[in-house]
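For reference, the structure is listed below as structure tokens.
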């Protein structure tokens, strides 16, 4: 839990409203008021479940009974049931698509995150796998939560979190040192300071003037190794966390991890993860009106 | 344009607010009030642009000047500039990530749609390539608009659009015929009636009782051909539109199109399209405060 | 049901909030906390009930118990009780006016719709009686739902529903044919296409180029008959639905229906229907605090 | 002006959004981006204009130019133009229906109010013609403003305005005197206190204990006269305002006014006023895209 | 009660959301899902309690059980428990700060109001102690309710309440008499008319032309006495309420009351009241997850 | 700037709407449409200005012209003008109170903060003066921004900022060490970890297990000194920031600073700061309508 469910329900209702428009005209014609059904959400492929904690209270808010058959973070096998939903047929049908869209997206993100984390762990590395702020618009909270369920790090939750000096800031300010200097002078004591650098010289400069974290932007594994070595030589390695970012994916994540870098941040986790295939099926009509 | 820009701006502002939290703490420390910069949004890979019509008025609402270098629907080459933005540096930096997240997602969807449409057209087919309601939560409008920019069909805009009888409805109602009968009796004259069917018998049943559109769910290309043939034999082919859905992707879209079906609907367009890689770079500092 | 009650409740709460301002200053002074009463909503004239499905969950949301004595669509006689409400006196008094305003409006619309439908049916016609988008601002959903409860057709639910080419579009595009041509080329396969025409020639033109529905705007009954005849002669009558609109009311609805037109659309149903007179009376004080 | 236009615009935009759904699909197909037209809003029957002050800034917010040809409160003749609107064709067509629905309703209310006020004035009476809180849900502000434009009194703006003791309060409290006593003890000094009474005895009781205003509920003109006479006899007439309410309409308003009562409050003004017939027509296409 | 608790809960949730951002990251790490605790809100100094009626339903909305140990308006002693809260530990910790901020502010206002009212009553005066519209932004409703719980008068609830002619109005209109004349001609019969005056002459002018209430702005006690005397002499004292405003505080409130003025309005009650010190402590862990 | 002004304006409009209700009934009666005035906001006592950056765009949004005579952070002397506002008289009068309430609160907080910072600096200490999350409900952003303008530190912006382990967390978790251990294992690398401790032993425990910041809750200056001494002895002083909190105010802030602690956090800055006295006066009527 990051947010209490009462707060999350409101966000989900706004998604639902977009899809409903003036309501479900099909069920309205076909399904009698008072019809009660039992339905199940089922995995149509294997993956990691995420989003159940959000979906369950939404369904309950609409007067439906739910029974959890899985938990967020569980590994799903193809064909496994995730949630049983019992209640008014029209309501279930009106919510079906929004609920699935939500669950499939979060589970897709968790699945990809878990895969990369596992690859790195199996190869024997403790590297933190982090996402970025490259989420779908309006879904920053849910995308980042899915990353965490998948075993990843949320990185900055939003723009008011941590000081992160990026290339555009440096262009405006003039130099890495000047930027860090200003940040250290004026930032709240409660904030860490991270700096994105584009070459070895900047990385060393950042570490020397006291950045808490250095992000190596688009460095090759070889460049990362070299940077870590130089930091070590200057006695700075233990004073900073080092993050690598740019072009990291399933094909190269282990190679990047093997450099000894502390953190790998990966945009694809939230901007291009494939949705996990889940479906909702009516199992029984419990009451015909 | 579906929605006037004044309406769209409000949606975009809500995305922005989620990311801002209590605001951009980094720029606040580093960038002097009154600093003015020129920045550009640039394509880092080739694709089809979508979302510019939405992003431009958002930027202007925040007091920035913009110059369009491309239009929605344009084919982008790697390295091409899309939009020039001039104005307050802090404001540009605060909006950067949300603007890019939005543009990258819409352009990713348009790019994939355009690719599939083109494959089908090149193979000589007029098949409609349509999306589904499997969008990201809260992004139904933008995801569908991106599909249209890519040359696809939006299908139902939301749940109050068209009557679409699906498998779960049929389970509740009892049979395809009964479902269509009810729909035809009670639906507004303004609505078309589509029915999802799971085998040939149901497809013929649906056509006989007068569905406007029949959706063949998870039919193989061979099954689709057989269905179209039987419809032809019964003299029903010209009275219905036929849509195929389920597992269609880049690898098989031409094969599906070659069946002669009217419409191919493809969930992956909106639930799993890869974001297009775009970035925003500060080009010049026009005024240092 | 078009919309789930959870969604509808939120709309009703926004109406309530407008009236409440900083709250009910009168009950606050006069009624002790903890006072419990039983009240009834009663018909003060005969008519058709609509809006109960919306009002009941609103009252329950505020902790009140309700007992339905009538259903939406029921014919009410003067003096009949509709709903019993039991609970906190201050809450009932704070909600009274908003609840009645809502119920009186919806019931007024349903009553007028039912009256016209009945007149047409008694005269032996199956003509569809439809409303328009001429609703009260912000009440499109509720006004249209009331029409349906009264036995009418909702017509387009809102602007993204069906393609409806109107006089102003034709002025911009140039001709009926050109407008329909563009619509057919570009519209989603899921949409019907309707065209508003102002004379016989345009009606025939519209039918020839393949409009699904033709709206005869401000045609007299004689002109409607003539149009239907010409369509018949050209073999087009069975290929289009024909709607008449403009100046139709209680005095002439049967005459219009007698022309054989398919649909009569009537703005007065939603823009000028008289509110049905209902009141809420406290019956007993169950607990004095 | 009650509310600044910036505030009012937001309310109007919410009405617009309800109608737009995912946007104007018709204009989107038919009208080229960049098409500029000149349109006019015109009266199709005579009446009193209201709502222009609200509509004009809404149109301007959407980038349209407007030229007022009439003012709120003006008497309109059939055929007279009210407002010229110049700008993007798609935007004008998307706003058309919402703008007209708003203007037709407010003008209808103003027209009926003005008619009743004029009847009373012509008969030589100064009686205040007031509306009630029986407005359309969500339109309390606009309905009451239209009444004022028509020359009527807004009565309580909402539930936190003035203390108004009604029959249901009296049932809970026990007696008129007790209710007024409590109100006078506890009400803010800033509030007037009005009491609804159902017979002569209650009216006198209310006046004796110091109500500021007495509302005679469903009194006949004869009963009103008798009440005023008795108040006079007791020397109380000058100390209270007297309002009559219940069943007052065009047919009897002058008779009620002739009783000498101070205020006539009339629910029909806002719950059942006929919409004034106005339309928007495209006059010229100024630029074809 | 002014507003039903369902309405108030929504306002409180918006406060909560501002503080939560993307949620409570600390409890999320430290507290296991399913941990249940018992906590208490306790007074850390003496004062008058206000805000409990609002806080209790908020906590319940989030699934927590509450037990009231005190009531709004109660005098609290240091160390006394106010409310027991039992439920999910994470939820209680996430709400803690917002709940306390709310309760401490309302109780602080009620405490100061009660103190001033008591001082005046002990000195033998019936003077009304009123607040102004000088509240914290967005907290007008709650600040005024706290004043009432403390025994004060809410004065105008907001800008649409009562006619209050102030110095800036008079500068625009030209004179006190002209302002009152316009107000009396055009104001709704339901409104009282108050005028702010800056000297004796204006006070007399206001009373002569029929203001209901006169506000003496920044008059010394001596000037107030003189004004009351002159009003008495002219036979106007019984026809108006007289309010004094400006610089009234704990040090001089009794002296001001002793002038015989009817109302003392005091901005400090709502713009500068000290928060009452309350805290929430976890008492027991009832269930460890 | 933390938040772009477009975002801030919306928050301010919501404050305004609360006060407006159905609008300014007084100006509506007294001031002719089209009246234009020049007004000034003036300091009625000395202090530090805050809130101008927010207020200016709000006024401009409503069509008013503004001229800044001071900047946020400026020291104001009694009688100095802060902002000139020119425009529609009704609009200025409708906004007056909300604008002042906002500006007086922010300036009051900035004034008190600046005073404490100055006291500490004059005594020769560099101690950070920080606020807490004890703000007015809904005003967290503005209260914290005012603290920063006054030279203070914002501390955690909201609940998703930094890990802050408090007494209630420790009660649930069991011990300081266990809490920090859990936090360090699971927290995002981007977050600092702070722990509130209640005695010397806990402080040392926290430092030993690696907290970034230690908050000494309700320690006397002597206890703080002793704690710093012991940390020094253990070689931990340079590895942690030390914050003191509880009962710090104008009377003892210098004594607390003299202990050598790094940060003093002070709730009174935001929960009980006195509003700064500012007023808005109409200077000239530029145009009478």
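In order of appearance the chains are A, B, C, D, E and F, and numbering begins at 1 in each one.
Following the convention adopted for this analysis, a contact is a pair of C-beta atoms (placed from the backbone, for glycine too) under 8 Å apart; a residue touches a chain by one contact, two chains touch by 3 or more.
In this text the structure is predicted, and so the values were computed from the model without any measurement.
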| item | value |
| --- | --- |
| Topological distance between chain B and chain F, in contact steps | 1 |
| Same-residue or different-residue interface between chain A and chain F, half as cut-off | same |
| Length of the line joining the C-alpha centres of chain A and chain E, rounded to whole Å | 44 |
| Distance from chain E to chain B - Cα centre to Cα centre, in angstrom | 52 |
| Distance from chain F to chain E - Cα centre to Cα centre, in angstrom | 22 |
| Multi-chain contact residues (two or more partners), chain C | 2, 20-25, 27, 94, 140-141, 157-158, 160-162, 188, 191 |
| In the complex, chain F residues that touch chain B | 1-7, 10, 140-141, 144, 157-158, 160 |
| Chain F contact footprint on chain A (complex, rising order) | 2, 128, 130, 153-158, 160-162, 188-192, 194, 213, 241, 243, 262-263 |
| Of chain F, residues touching chain E in the complex | 12, 14-15, 18-27, 29-31, 35, 37, 39, 89, 93-94, 96-98, 100-102, 104-105, 108, 133-142, 157-169, 171-173, 179, 182-183, 186-188, 191, 267, 271-275, 280-282, 285 |
| Footprint of chain D on chain F - complex, ascending | 13, 16-17, 20-25, 27-28, 33, 61-63, 90-91, 94-95 |
